[in-house]
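Let me begin by handing over the structure; questions about it come next.
As written, the chain order gives the labels A, B and C, with residue 1 at the start of each chain.
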Amino acid sequence: MKLKLISLAAAGLIASQANAGTVTTDGADIVIKTKGGFEAKTTDGKYSFKIGGRAMIDYNSYDDVINKATGETGSDLFFRRARIEMKGHIEDWKYGLSYNLTGSGSIDQLKTTYTGFGKMANLTIGQQKENFGLDDTGSSKWTAGVERSFVSDAFDTGNNMGIKLHGANDFLTYSLGVYKEGTDSDNDLDTATTGRVVIRPIYSNGTVFHIGAGFTQRDGEFEDISSRLGVRGGEDKTANKLKAEFTATAGGDIIPGEELSAHNIELAFASGPLQIMAEYFDGEVEAPSSVAGSDDIEVDGYYVQASYFLTGESRKYKTGSAAFDKVKPSNASGAWEIFGRMSQLNTDMGSNITLTGGEDAQVTTLGVNYYMNSNVKFALNYVNSETDAKIGTEDDGDAIVGRLQLVF
Amino acid sequence: MKLKLISLAAAGLIASQANAGTVTTDGADIVIKTKGGFEAKTTDGKYSFKIGGRAMIDYNSYDDVINKATGETGSDLFFRRARIEMKGHIEDWKYGLSYNLTGSGSIDQLKTTYTGFGKMANLTIGQQKENFGLDDTGSSKWTAGVERSFVSDAFDTGNNMGIKLHGANDFLTYSLGVYKEGTDSDNDLDTATTGRVVIRPIYSNGTVFHIGAGFTQRDGEFEDISSRLGVRGGEDKTANKLKAEFTATAGGDIIPGEELSAHNIELAFASGPLQIMAEYFDGEVEAPSSVAGSDDIEVDGYYVQASYFLTGESRKYKTGSAAFDKVKPSNASGAWEIFGRMSQLNTDMGSNITLTGGEDAQVTTLGVNYYMNSNVKFALNYVNSETDAKIGTEDDGDAIVGRLQLVF
Amino acid sequence: MKLKLISLAAAGLIASQANAGTVTTDGADIVIKTKGGFEAKTTDGKYSFKIGGRAMIDYNSYDDVINKATGETGSDLFFRRARIEMKGHIEDWKYGLSYNLTGSGSIDQLKTTYTGFGKMANLTIGQQKENFGLDDTGSSKWTAGVERSFVSDAFDTGNNMGIKLHGANDFLTYSLGVYKEGTDSDNDLDTATTGRVVIRPIYSNGTVFHIGAGFTQRDGEFEDISSRLGVRGGEDKTANKLKAEFTATAGGDIIPGEELSAHNIELAFASGPLQIMAEYFDGEVEAPSSVAGSDDIEVDGYYVQASYFLTGESRKYKTGSAAFDKVKPSNASGAWEIFGRMSQLNTDMGSNITLTGGEDAQVTTLGVNYYMNSNVKFALNYVNSETDAKIGTEDDGDAIVGRLQLVF
């Protein structure tokens, strides 16, 4: 009887497969997945491919010191980021491509990582993150605030062409890389060297305690150090900035400083739904040697932020990059998170230096996030920005920022 | 005996699967498809992903009033459109990305639709069509003419960032949205509001009778209303235009009008291989308030077109967008369609207004389409354009337009 | 007993499929593949789709005549090429899309080929290679040198919009096409006609002997014929060039020549790991008829190159394009190839002609390639360039070029 039942089951299988065409592969077995995008990987672990994208649609409303037209409320609706993304691996080589669709299109990242030396010595070549600072190292998709802290933005190294050695285990994460900063007047490469070390005294049972430090040393030409006041918009050339800039000119152009160096200290603690992180940055641009008596630009600042999931989830932490990552709601009704951050950036008046916004600025951000599922996120932030000196007629401003984020 | 046969069949199945590697998924069952592009969807209806593209290769030849160099025949060969397209859905969120590869790349559409409120209340957020007019609402892939009517082009709202509420059943289709038109001198959003209602008194047995109306109201700055004379090419800045433009200037720049408003009425009847459609548009730009005695720009126009499949097919009609869509040849030798359209656009001379092409223009288009299969279409159009006043030395012109379209 | 075993096997099949979700198709059976990118094709041969990309990360170091800042060593690190690629077919129509991610994005190729007339008469329409010269016709992914010969570059027609008839069997490959060179002052197309014929007196047992000839005739406006000195970099507007340029001007602009014509002869022999190839090119630009007594620009040149796989592999040869293609390492430790090339380009002083680099330049390139697998290639080239006349203070220069290439 058992035999007969099995055979009938087999017959049923055949029947259902007769209706549908078969899908096979001519190589190693493949597992595919679609949860928005599409993914295929061989079960022997040798190959994988994934395609998807991200869209962040932001509505910003801002006034006073944030807006060029002081005294007026400005607003905008725009793609903060829109990208096509592919990644995969071929034996010991991982690769990742992220292409910006905004503007007229540009490469965000395009890199390949050789993993053949093991987890403690990955080699990543191509256009990539330099991994300077906890906030900047994490993905923009999963930050608790709509924007990263305005201190992190001041010291953001961006994505650059270069080569990075990096590795991680549960206790330690390190990275050290050399990148293209630009080319000089002799058509020779200006390089940047950036390193970071993170240790995790606690990393178990959903609790992580993260202590790190990093530096970047950059050859090239640097006219200023500056940062937006916590929000996009308001035509940031003439407002919405704390900026320290050299003033000596030659032939109408600013004579730039010759080297930018910065270092940071980072701390994070996360346990269950609670996440706290803080960073301190200190950087300077060397005064142009051709301008006698000029001072260096010196900027330092810090932020402290805390976020909490009302619905009990926690933000994933990746040891590979020593940064926080994805949020996955625990149940079908989604996840709710509240968030607050205080950021302070300071600079100094000096000979041959002009300041926009004065010597200090402070940005306070409060926010709430709703993660409808793993792919759809809504965020609402309130931002208050204060500068030490007036920009136009204002030294204070507020903004409301709403975001709909779709990851596929 | 039956049991034995089934078991042998099962054995055959196993044998054939031993030759080829298996393809499975670690989640819900998946159905994939390739007919040019690639598509995957889970059988539980929760997720899907599709990737493909379109290429339209046009050859245009044109003379006289259409060509800048009057008296000379001009020609061009170019990608009229070339796009990569992705779409899919994640639970209640559909998404669509269409990226223009021409020029230096730009987002055509990038949008997400929340479908959780049901068919009568979809919410689409992102860069999208505003759905103003039947001709402009339909896909450029499936228009009967190579170009949309030059009246529709005059009132084309383009794809814009915004939010649209829309719904449809067999009888009714509606949409109402608010979009970003631009930003003003205070960095504040200029918005456009656009709505459309379509009813279908007949919609059964392959026959559709479609009656609709729409409006758009746009804040911002508008220097003119204009349209190409039914064809691309001929350097359209100085020829190939009916245009009504403001003339008052300040500091060398035209002082623009302050608001554009337009409405339309649309009619369509399709039954089997026959399709008839007609639209009337009426719009105006308010004269700049700072220019005393200036008139508004006023433009109206209509088109009437008919098309017929010699091979008996019919163009699909989508209630969701209340627009005509895809053509699928009934048999392997492909489908043949003939097409004719008459378009008329009128404007008025006025104080502070200058006209290119005079007060009226008329474009007559005749065409034949060959749909080789669902993916490959050939089109040949003859265009005759007449203007009320000469542009250069001509008030009449002809064009031949050929297209090869590939959809994958 | 046999019956029972089969039934148990069927039961096992059911069990394993109960753990993993099924993947089926609702049309013809599909075979999929992932080896970096992703590929799907129906087993009935009617449809296929493939997506992937390429990245070439180059480090260049160069001095003297190659570098604008003479006497200084310059260097750069950059994406030489970065592309997303899709291809597939729909019944008798193949299509291919290759999109440049570098710069601000551009279409590299976008074309469709009708294969319904058989192998000897393919019709390719769209933006495509013109197939002028063996070196330029082969894929940039699989050239033995990091760059093609600087003679091939001087006569490179690029990818253009047009229509090409082409066919091949084991003995013969031909192509003849008409392309858009540009548009003239009457908005009329300037066209280029390009043809090529290759025969293979030997093509068997891993040995190919290839003899070919081609021509291109191009209407339009041409100010010069020029080529980089074998390497990218060094700001090529003022250095790193052999260039013959017209000098007569009108209103500050060079009066261009009116027609460019060129022809070539190509030879190749490959047997096992050895590959030898050589080409001779001869071209001219007709002097502008409006400049009395002006001479034509005349340029000719040749290259000879040889490469050898130390590990015994051979480079694939494609009869369809009559060009060398892919390298696949024979074993897991990868493939090693050595390579050398001598290129010589000559031009003439003349009335109304100015020369950069003098009348002759010679580039010698030596290289070694390591193909780690089918997807990852490392290349290291040494380049020596000599010009007949000094550019700045130099008539000689060297370069080192390293490349990491990833194909997915």
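Structure notes:
In the analysis below, contacts are C-beta pairs under 8 Å (C-beta built on N, C-alpha and C of every residue); 3 or more make two chains touch, one makes a residue touch a chain.
This is a predicted model, so every value here is computed, not measured.
Relative orientation of chain A and chain C, expressed as the C-alpha superposition rotation angle, is 120° to the nearest 5.
Because chain B and chain C carry the same sequence, their contact can be compared by residue number, and under half of the numbers here are used by both. Centre-to-centre separation of chain B and chain C, using mean CA positions: 37 Å. In chain C, the residues that touch at least two other chains are 3, 7, 10, 13, 17, 20, 23-27, 30-32, 38, 51, 84, 104-105.
Per the touch definition, chain A reaches chain C in the complex via residues 3, 6-7, 9-10, 13, 17, 20-27, 30-32, 38, 40-42, 47-49, 51, 84, 86, 88, 90-91, 93, 95, 97, 99, 103-107, 110, 112, 125-127, 161-162, 180, 183, 185-189. Interface residues of chain B, counted against chain C in their complex, comprise 3-4, 7-8, 10-11, 13-14, 17, 20, 23-38, 51, 53, 55, 57, 67-69, 72-79, 82, 84, 101-102, 104-105, 233-235, 372-373, 375-376, 404, 406, 408.
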